[in-house]
Every structure is written in structure tokens, then in C-alpha cells.
Amino acid sequence: MSTNVIHPTAQVGAGTTLGEFCVIGPNVKIGTGCKIGNHVVIHPDTVVGNDVRIDDQASLGKWPMKAANSATTKEQDLPPLNVGDVCIVGTGVVLYRGASIEGKVLMADLCTVRENVTVGRGTIVGRGVTIENFCTVGRYCKLESESYLCAYCTLEDRVFIAPGVVTSNDNFVGRTQERFKHFKGVTVKKGGRIGACSVTLPGVVIGEDALVAAGSTVTKNVDPRVIVMGKPARVVRPVPTEQLLENQGWVDA
Amino acid sequence: MSTNVIHPTAQVGAGTTLGEFCVIGPNVKIGTGCKIGNHVVIHPDTVVGNDVRIDDQASLGKWPMKAANSATTKEQDLPPLNVGDVCIVGTGVVLYRGASIEGKVLMADLCTVRENVTVGRGTIVGRGVTIENFCTVGRYCKLESESYLCAYCTLEDRVFIAPGVVTSNDNFVGRTQERFKHFKGVTVKKGGRIGACSVTLPGVVIGEDALVAAGSTVTKNVDPRVIVMGKPARVVRPVPTEQLLENQGWVDA
Amino acid sequence: MSTNVIHPTAQVGAGTTLGEFCVIGPNVKIGTGCKIGNHVVIHPDTVVGNDVRIDDQASLGKWPMKAANSATTKEQDLPPLNVGDVCIVGTGVVLYRGASIEGKVLMADLCTVRENVTVGRGTIVGRGVTIENFCTVGRYCKLESESYLCAYCTLEDRVFIAPGVVTSNDNFVGRTQERFKHFKGVTVKKGGRIGACSVTLPGVVIGEDALVAAGSTVTKNVDPRVIVMGKPARVVRPVPTEQLLENQGWVDA
């Protein structure tokens, strides 16, 4: 006998299997051929595509938490969470209502994707990664383990974010009313790459196919196709030709 | 029929709702008007106030784990976990027995608060934050996502800790018996702020309303109301007047 | 009546207790005297020793997730997860099939150990730590909270990794076919130590009993018994005699 609690209004497609002790809320739609683990919670109205793998203890479609003191979270209407076909959702992942995840995205264990975020097709969201609210992440990006995207970041396609990268969006560090006008995340243009354990300051734009070396502090915009390094980061040389995006032979799949 | 396992000695207040598959242990006391998610575990003796939101898979009131090799965890008696009124406890949060959380605290998803810790009213503990044992956190602080408070830190009121900040407490880096006498966390005085991805060394005191710039390594005490920057961090200028705590017009709520 | 779902082919030793809503899969073997929390999932074939503590929401023995775009995860046969006697597995921990954990290891809350990893006896894996695939971790190591071991790292015995440490393995930062030949993690020789919030570049070898100061960027090999510091890290002085491993009087337990 099933131990799952599935609301009568939820739709579960043919060939989809569930583990034990799952909770599937009202108006949830799950496609065909999905493989859902144990203790998975899918909150009301969430839409899950076909052939999606969801591992144990993932929680999909939760409403944001409004703190008395939050600077960026406002009460709002939010569309249901949408998870595209052939996505993989790791153990303990938390996805918010108001996020939209295209197909073939891997969300590794214990990552979080907040509300008002879009993640493009084929992107990898690494273990423990946080994508805060109001971020846009392109297609075929890699956000490696434990990297951090603050609110209001934009990553274009094929962006690479190494482990432990931190971004920031508040030059006023939590003070003044003025700051609310200036909240600005980090923008990484197509094919831009940020090396391990670097921090990039609010509003910085990393140019197309540029590379930030590991351990850097990026305080101003980075031109396309150059490598920057240091604290503050300065240009050291062009990106080697063989590393340029156009020379990888990559085709969108 | 309820799927929750509630010990007969547990008290659940009027208007409190639970999701599915929760486990509420002996002598737990939960106030009125709380909203508890699915797969939540509340360990014995825990006290939860009124109007508290607890999201899926949170685990409250666990006993510490004693490793053979741990330098700072000793077997001990611990008072029950106490979570104040109007707190919010995110998905997958882990709170230890022996922690005391005042009212209106937001503990975002996947954060951990260890034993022998107090967290003051209105503070925000960000996503994935760790507050290790023997820390004291004041009122109306913000510990942003993925910041790390090692054991024996003290944050006074209105302290701001940016994403990815790391603190440390052992100048002997795990060697010598001597180190046990000198374990000393970081102290941040009232209104002090630490920028993204900075690391602060053991025993350092960040002065009142001082500011550590992003990406710094703080090796010695920081005077009040100055900005320090770099590796090692040095004074660069005073904190702008409009950013001083006294000029924010903030009232404790 | 038990709420646990235990497969008829699973073996649970005498004196082992389970909380509520656990899922124990086919051919799992659990030793005697274990204490298993609530909502714990143990996947097929996993072997758990005697006197192991496993806390709430831990998930043991999961199969890797294969992303379309992953550079290092290949489909493979994997031996079952093995967890040795007297280990402690924290809340929300995720352990993969194909990992082998010796006895007396502490895996703190929300850490992850991937496939093709071995962890030696008595090691502490801190809160939120990630050990990626193809790592070898020796005996009596300490990986403190939120440190990160990328794929292909080797830590010998008695290694100390401070909070927030990041390692990397790809000098080509996600580009060129060439990189697949050169993936190389970080090696830390016996007794080596890495300070808080440091980043170490691919292929670097930290010598025996060497020490990397907090906040450093390590770009090349470090000789035995020296302290390196800075960005890039340079030798500053020898490790003090009283901090050398041979002078700690430590005995393997």
C-alpha cells in the first residue's frame, strides 16, 4: 500500500514512480516517466515535465519566507514553479514557487533556486549552490559546487562559475535608503568565466568570454576576452585562443 | 487521517497546523497559530512559541554529535531548544538543543544553529549559514547566505555579515595543547559590518560601526567607524556619515 | 506500530533502533546497536557497521546523477556504500553509492561524500563539507565546516582543512578537450594544514606538515614544514617546532 499522500487534484503521468512518504499537493502536474525519491514534497500548483528525476527530501514550489527585516523580499503573486523535461533534482534541493527551470537542467544536492529566477536549458547548478531571487541564468552554464549568486545577477549562456565563487549586490552594505535604488547584481556575458573563490562586487559586468582568475576580487568591469587577476583584479593577458568559446565546437543540445 | 506521529506528552497550541509525516517528541511544547510543514522533526523538550512558521524537513532540538577527535564539543547537560514567537524556520534547517532563539528571527533554508548559542530578536540568519557552538548573536543582525560563524564568536546588535564571510578561532590551526587555552572567535561590536568573502582571524575585534571591505583578510583589531580593506586589511577611510548606524533612523521592532 | 518501510531482504542488527518514516532498501545490511533517526533513507545494498549513529533526513547510498554536460561523471558500476563501525552521520547528510567510510568517522550535518571516495578512520568531515568524486581522504583528518574538496584530491593522514577552504582541479576552467587529460586535484601530504578561506590551484602538492595561512591563494607546490602566505602564497617561515605533527603525542585510536 502506498505511503504517499497525493492530493486528489494532482495529476501524475504514466510511468512515473514515487518512493515512500512523498507529499504531492493540490493542482500539481507531474509528467510521464519521472522517477521521484522518498520524502519528496511538491507544493501546490507546481508543474514538473517528463522524465524528471527528483531525489530524496527535495522540496519543490515553496512560498518565499518574508522576514520583517528583509531588504529585497516583498509579498507578491508568483506563478507556480515550473521544472522542464529531463531535469534532475538532487537530494535536499529547495526550489521556490516563481522559479522557472528549462529542460535538461541538473540541480545537484542541497542547492536552492529562489523565486523570480529563470534557469536555461542544459545548465548545471552545482551541489549547495544558491541562486537568490531575481536572477537570470542562461543556457549551458555551469555553476560549480558551493558558488553563490546574489539577488539580481544575470548570467548569459555558457557561463562558467567555479567552486566557492561569491557575488554581491549592495555597495552600501546594508545601510541607507539610497541603497534600494542601487541594488545591482553581477552580470556575466556569454561565455564569461569566474575562477574559484573569487568575489565580484555589485554592478560589475564581466565581458564576453572573459576570465577571472581564482582568488580575485573584481571591483570593476572586465573587458571581453581578457584574463584578470588579483585584488583588485587587473588585466594580465588575453584569454588563450584555444580556450575561446568559439573554438570549443560546442553545439546546443 | 493524520500521518503525523505526535507523542502523547507533546502540547500543540490552538490553530497550529501540521503537514504530513511530522515527528513531535515527548514534552515538546508548540504555541498557537504555528504553521508547520512536512517531514518536520521536533525533538524532545523543545519549546516553540506562537505564530512560528517551520518549513519542510527542518529538524529542531537535536543533541550534539560528539566526535572522538573534536576539540570543542564536550558532553554536557543542555537546556531544551527554545524558538521565540513569530520566528520563521526554513526548509532543512537544523537547530540544536541548547540554542535559544528570540522572537522574529528568520532562519533561512539549510542553516544550522548549534548548542550554547543565543540569537537575538529580529535577526536574519541567511540560507546555509552555520552558527557554531558557543556563539552569541545580537538583535537585528543580518548574517547573509553562506556566511560562517565559528565557535566562540560574539556579534553585538545590528551587525551585518555579507555572503561567504568566514571567521576562525584557532591560531594554532589544530595543533598543540596550548591552543585550547586560546580558542577565541571573532567579536563584532554594535553595527559592525563585514563585506563579502572576507576572512577574519581568531580573536579579532571589529569596532563599533566599522566596515571590512569585501575580500579582505582581517588580521588585527579594527577601530570603530573606519573602513579597512586588503590582505592584510588596513584602514582606508572613515565610514561615510550617511552609513553610520545612528543615521539610519532604525527603531527596534 | 512502526512507520518505517523496511524491505524484507534488509538485515537490521540486534539493538538497532529506528525513528519514524525511515526507508530501508533491498539488501541493506545494518549492524548492531545503531541509532537511526527519522526520515532516514538507506538505499539498496548499503552496508552500515555496528554502533553507528545516523541522524534525521540523512540519505545513504544514492546513485550519482549524470548530467548531460558533466565533465567528470561517467556511467559506471559502483560497489555499495560502506559505513564503518562507530561512525556518526549527521542530519541531512548525503552519502553516495561507491563511497567507503572507515570506522569512527564523523560526518557532520549536511555534508556530502560522493562516489569513488574513501575516508579513513577517525576523520571528521565538517558541517556542509563536500567531498567530490575520486577523492582519497586519510585517517584522523579534520575537514572543518564548509570546506570543499573538488574531484581528484588526495589528503594523507592527519591533514587539517580549515573552514571555507576551496580546492580546484581544472586549469583550463571548463574549456578545451585537452583539459580532460590534465584534471588534477590538490594533494596534501601527511599532517599538512590549509588555513581558513584559502584557495589552492589544480595539481598543487602541499608538503608534509606544511601550513598555508588563512586567506592565501596557493599557486604552486609547498615544501614540507614551511608556512606559506599571501596571494600568490610565498614561504614566510618554518612551522614552529611545537606545532609539528611529531610533537603532538597523538596516537591513532
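The letters A, B and C name the chains in turn, as written, and every chain counts its residues from 1.
The rule is short, and it goes like this: a residue touches a chain if its C-beta (ideal position, glycine included) is under 8 Å from a C-beta of that chain, and two chains touch if they have at least 3 such contacts.
These numbers were taken from a predicted model, which means no experiment stands behind them.
Engineer: At the place where copies chain B and chain C touch, is the share of residue numbers found on both sides over half (same) or under half (different)?
Structural biologist: Comparing the two copies, chain B and chain C contact each other through largely different residue numbers, since under half are shared.
Engineer: So chain A and chain B are the same sequence; what rotation in degrees superposes their CA atoms, nearest 5?
Structural biologist: 120
Engineer: If you average the CA atoms of chain B and of chain C, how many Å lie between those two points?
Structural biologist: Taking the mean C-alpha position of each chain, the two centres sit 25 Å apart.
Engineer: Hunt down the residues of chain C that sit against at least two other chains at once, touch-wise.
Structural biologist: If we look for residues of chain C contacting two or more partner chains, we find 21, 39, 57, 92, 110, 128, 146, 164, 197, 231.
Engineer: Can you name the residues of chain A that touch chain B in the complex?
Structural biologist: Those residues of chain A that touch chain B are 5, 21, 23, 39, 41, 57, 59, 62, 65-70, 92, 94, 110, 112, 128, 130, 132, 146, 148, 150, 164, 166-168, 172-176, 178, 197, 199, 201, 217, 231.
Engineer: Residues of chain B touching chain A in their complex?
Structural biologist: Touching chain A: residues 3, 19-21, 37-39, 53, 55-57, 88, 90-92, 104, 106, 108-110, 122-124, 127-128, 140, 142, 145-146, 160, 162-164, 193, 195-197, 211, 214-215, 230-231, 242-245, 248, 253 of chain B.
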